[in-house]
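Have a look at this one before I ask anything.
Labels run A, B, C, D, E and F following the written order; every chain starts at residue 1.
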Amino acid sequence: MSGVKTSAPRAFFLVIQRDLRLAFRRPGEWLQPVAFFAIVTLLFPLALDPEPARLRALAPGALWVAALLSSLLAIEFLYRDDGRDGTLEQFALSGQSFASLLFAKTVAHWFLTGVPLAIAAPIAALALGAPPHSLSGVLLALLLGSVSLSLIGAIGAGLTLGIRRGGALLSLLVLPLSIPTLVFGARATELAIAGASGAELAAPLYLLGALAVLGVTLAPLAAAAAVRISLE
Amino acid sequence: MSGVKTSAPRAFFLVIQRDLRLAFRRPGEWLQPVAFFAIVTLLFPLALDPEPARLRALAPGALWVAALLSSLLAIEFLYRDDGRDGTLEQFALSGQSFASLLFAKTVAHWFLTGVPLAIAAPIAALALGAPPHSLSGVLLALLLGSVSLSLIGAIGAGLTLGIRRGGALLSLLVLPLSIPTLVFGARATELAIAGASGAELAAPLYLLGALAVLGVTLAPLAAAAAVRISLE
Amino acid sequence: MVRGLSFELDAGRALQITWPNGAGKTSLLRALSGLLHVESGSIHWLGRSIFGDLRAFHDDMAFCSHEPGLKPDLTIDENLHFAAGVRRRCNINERHAALARVGLTGLQDDPARRLSAGQQRRVALARLCLQGATLWLLDEPAAHLDAQGQALVSQLVSEHVRAGGLALIATNQPLALAPDISDELPPARLAARAGPA
Amino acid sequence: MVRGLSFELDAGRALQITWPNGAGKTSLLRALSGLLHVESGSIHWLGRSIFGDLRAFHDDMAFCSHEPGLKPDLTIDENLHFAAGVRRRCNINERHAALARVGLTGLQDDPARRLSAGQQRRVALARLCLQGATLWLLDEPAAHLDAQGQALVSQLVSEHVRAGGLALIATNQPLALAPDISDELPPARLAARAGPA
Amino acid sequence: MSEWFAMNGYARYVWPSVAAALIALVWNALRARSLLKQARAEVRRRLASEDES
Amino acid sequence: MNWVWLHRFGSPPYFYRWAGRIVPWLAWPAALLILAGLYGGLVLAPADYQQGDGYRIIYVHVPSAWLSLMIYTVMALAAAVGLIWRIKVAHAVAASCAPIGAWFTGVGLVTGMLWGQPMWGTYWEWDPRLVFYLVLLFFYMGYSGLRSAIDDTTRADRAAAVLAIVGAVNVPIVHYSVIWWNSLHQPPSLALTSKPTMPASMYVPLLLLFLGFTLFFYAVMLTRARAEVLRRERGGNWIRAALETTR
């Protein structure tokens, strides 16, 4: 037996690889949040009678609320299975940095939900009557925003890990924290749809980026602490 | 041992009583969907810059999308715990009508989520700038709507029972089915906020009622069948 | 996944299934209880196929599966009250008697969440007694139980059987049952089956 | 919930904990592994408190808990690859050797979902071997295992111990271990503790 | 007096606010005391049961 | 520096007795101050030259709103102490803060809304200060929700503590929102540094109420914390003694 100890980066990528493979075994599963996003954005034209102007005014709100909710829906499963079947316990006892292994899971999760979301958003925006030239802005905003959403979500997921009905509680914990992302993201989208210049658009995008960076630096530690507590 | 066999109605109420008691052991849990509802409605004014007129125009859509999503969030747990810990298996082997026991669970669930939702809705409507006189209409619409939402949800919950990540899939199954309820509900709310007369309001409310009755007659059987399949 | 298996069990006897892991014990029990669809073959109870009137059959049958099926938030007594009450009326004295029987006296008002693996199993046994069924289907009844607990199981089964009941037990830790009331089911010819159970 | 317990274990020995249900076996193992916070008392490994450098301690320790910790969607081999790989590099031959060791040859490319209770246990044992730790903490290693499987466990443990390893085993089905390598832990004085574990 | 209650027409804003504050103060005070009483009683019960056993 | 005092307060018996002794000294002054403040504010103080008598809401709105922010700060600090040094009493304190904080956040909201109608012509406005204050309420709710959702007291303490600390970012946001965003909400009216803009007859009652509310909070919180400590200290034989000696 024995064999050399696995290096930290190798373990990191092993976990990412593992989660991606698990996901691709069930493509249905990680596409669901996107489908959810699509459906929710479509609900608005149904619930309100859709005149173009009104819809366009509504678009940023609808897009971002839908994005926030679907990322929330997805993040609930970030740790759940691994927690239930004892994998997290094994991670905690693996001799590797727990935080980095969990961060790897978050990264994989972002690839599987954040990126598809960002790609789906421009299409949904079109359906809500956004002009084509605005789409790049929409995409960029969601790409940046989804990073911090995933990271904030990771903390919430950790806190609600042990709990039988994490779902609803999770949203109660995560939504308030996500409000800044929501506000700046929607602002950026609104400007993009209104056809603002790159310079105007930059401001909210920078803020979104700043939030993302902040998240990357702080969230993994908080998440690891939360998960450790839930494992106790 | 032995003792008389439990009569069908007695078993029905026993299950309701059980679920209510379980819920009241954790008040936090069944209040969460309401909190979620509150937060989601709050997200819209944040995402859009809120001038009263625009908000009021948005209110019905926001209210009903939020209501739909939060009832979705809650329904996910209708069978989950019981399925996991083998209680449903015991129900299926109890010699009682499986459908009626499951229907009892749905009724309890509606008391715990539908009713609070209907009570919270008028307040949220106020925050979105609906005039006070419209609130009774809003309440009535949600009270009726939530019934069919719970029943439709019950079918979806049954179908996704065995599945590890029911959440997202559930929404895909349930949202399309709930669209009629959403449309009529939002219409009723819109009329109420616009200050329509009782007669005008009656039309969509009747339709909501019809949907509810339809649900009560059909959903329990479908749900029971679905759960049975997931148990196999 | 099990093929070419045929047996019958008459009142007053217990049948132990001690096939190796993965041989299909759990699957067999689930099939017999009507939970799992049987691909071919038939199951009869009192001479009639159980699928004729499943509910009547279930009235006479109790299945004790891997999961104890307890609600962590309810006290042990409440758990029994609801779980058993759905089938037969049973008053608090009966319940406490049953708990005493499985050696959990005093714990009746503790939330079930506190229980250890073996304690939960014992509650499941208490429920089994309360359900007052004739036919018992037990899957690994002795798992997680300490020596004294395993003796308890054998005792419960033999009493039940001696009182004219039937018991079908899938287990890896064979119970000590008097030969005059118990048989062993010979390993069935195994065959791969299509698709998940 | 366990109080006033003190023991030490030297290389080349196994220690069996056969306390009755609910005595605190699981809790004790979790505490020793550093998962559960100990209210009072200390745990030392190679003379140093484990809390000093928990990760170094974990490098030498493997914990095999109630849950097998398998991913239903991954094949058995993939499960081993990822689960063991996070700790030590191990190539496919090692993995297949380990599977053969626990009597699952031929199943390596089946999805873990298919496995029965006992088969899952066996995979967990294979993982344990691959992790190549010095100290083994085993919780109910023999649960759900048939006779032949239980023999396997005893064998694995004795080999590990004979090769200078340590093993701490919480079980209700005591393993057949040669007395020269194994002791039993005397029941600890139990005491109520503040709040749940 | 009555015109003091009237608050120059602001009565319907001022008094509910004051009421809200007072309710919060009183309720919290009473709640805290009852919690302490309950805890004490519960402990007493437990100690008693320990004594007899 | 040494942490002896911290650990002294960390021992349940000491805390229980100490709190029992201190509470009366907080409660009665609080009652007097609040009554005096209300009398001064609602009766003696003159009507505001522009807001008329409507401004009197300040005497309940500002103290409650300010208190709710202070309570969250106390809660987060206690939680951090409990998390770092594993001090149970600190967790008990944090747990006792949450419900009180939620109550006064509610009062701050209600009174604010009641003030908003006459002043801004609307009960609710989607203004940063108001929104983030609402978020504060959600944090209190989330904290309690998380606590009640976890069975295991120790785990509940620690998980909730993490949340409390994370949520602390919201407090400065609420406080400075009026300055950061151009909000229609009043800017700070009472700054300890600068000379107050309103006559003494107006701001003295406000000061009394600030003080009264603060003392009131500590009295209530400590009482709740004592109950919490009793509830948790199952097997402590000091309890027997404590029950006889302290009231």
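Remarks
Rule of thumb we're sticking to: a residue touches a chain if its C-beta (ideal position, glycine included) is under 8 Å from a C-beta of that chain, and two chains touch if they have at least 3 such contacts.
All values derive from a computational prediction rather than experimental measurement.
Separation of chain A from chain C in touch steps, taking the shortest path, is 2. Across the assembly, the mean Cα position most removed from that of chain D is the one of E.
Chain centres computed from CA atoms place C at the largest separation from chain F.
C-beta contact counts were set side by side for A-D and A-F; A-D has more.
Each chain gets a centre from the mean of its Cα atoms; for chain E and chain F, those two points are 15 Å apart. Centroid to centroid, with C-alpha atoms defining each point, chain B and chain D lie 45 Å apart. Rounded to a whole number, the gap between the C-alpha centres of chain A and chain B is 26 angstrom. Mean C-alpha positions place chain D and chain E at a centre distance of 54 Å.
Taken residue by residue, chain D touches two or more other chains at 37, 66, 196, whereas all remaining positions touch fewer. Residue positions of chain F touching 2 or more other chains, listed in rising order: 131, 138, 141, 145, 149, 151-152, 154, 234.
Of all residues in chain B, those touching 2 or more other chains are 26, 28-29, 32, 35, 39, 46, 81, 164, listed in ascending order. Here chain B touches chain F in the complex through residues 26-29, 31-32, 35, 39, 42, 45-46, 50, 52, 126-127, going by the rule given at the top.
Those residues of chain C whose C-beta lies close enough to touch chain B in the complex are 33-37, 55-56, 58-59, 61-63, 65-71, 73-74, 78, 82-83, 85-90, 94, 129-130, 132, 197.
Only residues 1-6, 11, 14-15, 17-18, 21-22, 25-26, 81, 84-87, 89-97, 101, 231-232 of chain B touch chain C when the two sit together in their complex.
By the touch criterion given at the top, residues 4, 7-10, 13-14, 16-18, 20-21, 24-25, 27-29, 31-33, 35-36, 38-40, 42-44, 46-47 of chain E touch chain F in their complex. Of all the residues in chain B, the ones that touch chain A in their complex are 28-29, 32-33, 35-36, 39-40, 43-44, 46-49, 54, 57-58, 60-61, 64-65, 68-69, 73-74, 76-77, 81, 164-165, 167-169, 171-172, 175-176, 179, 182-183, 186, 190.
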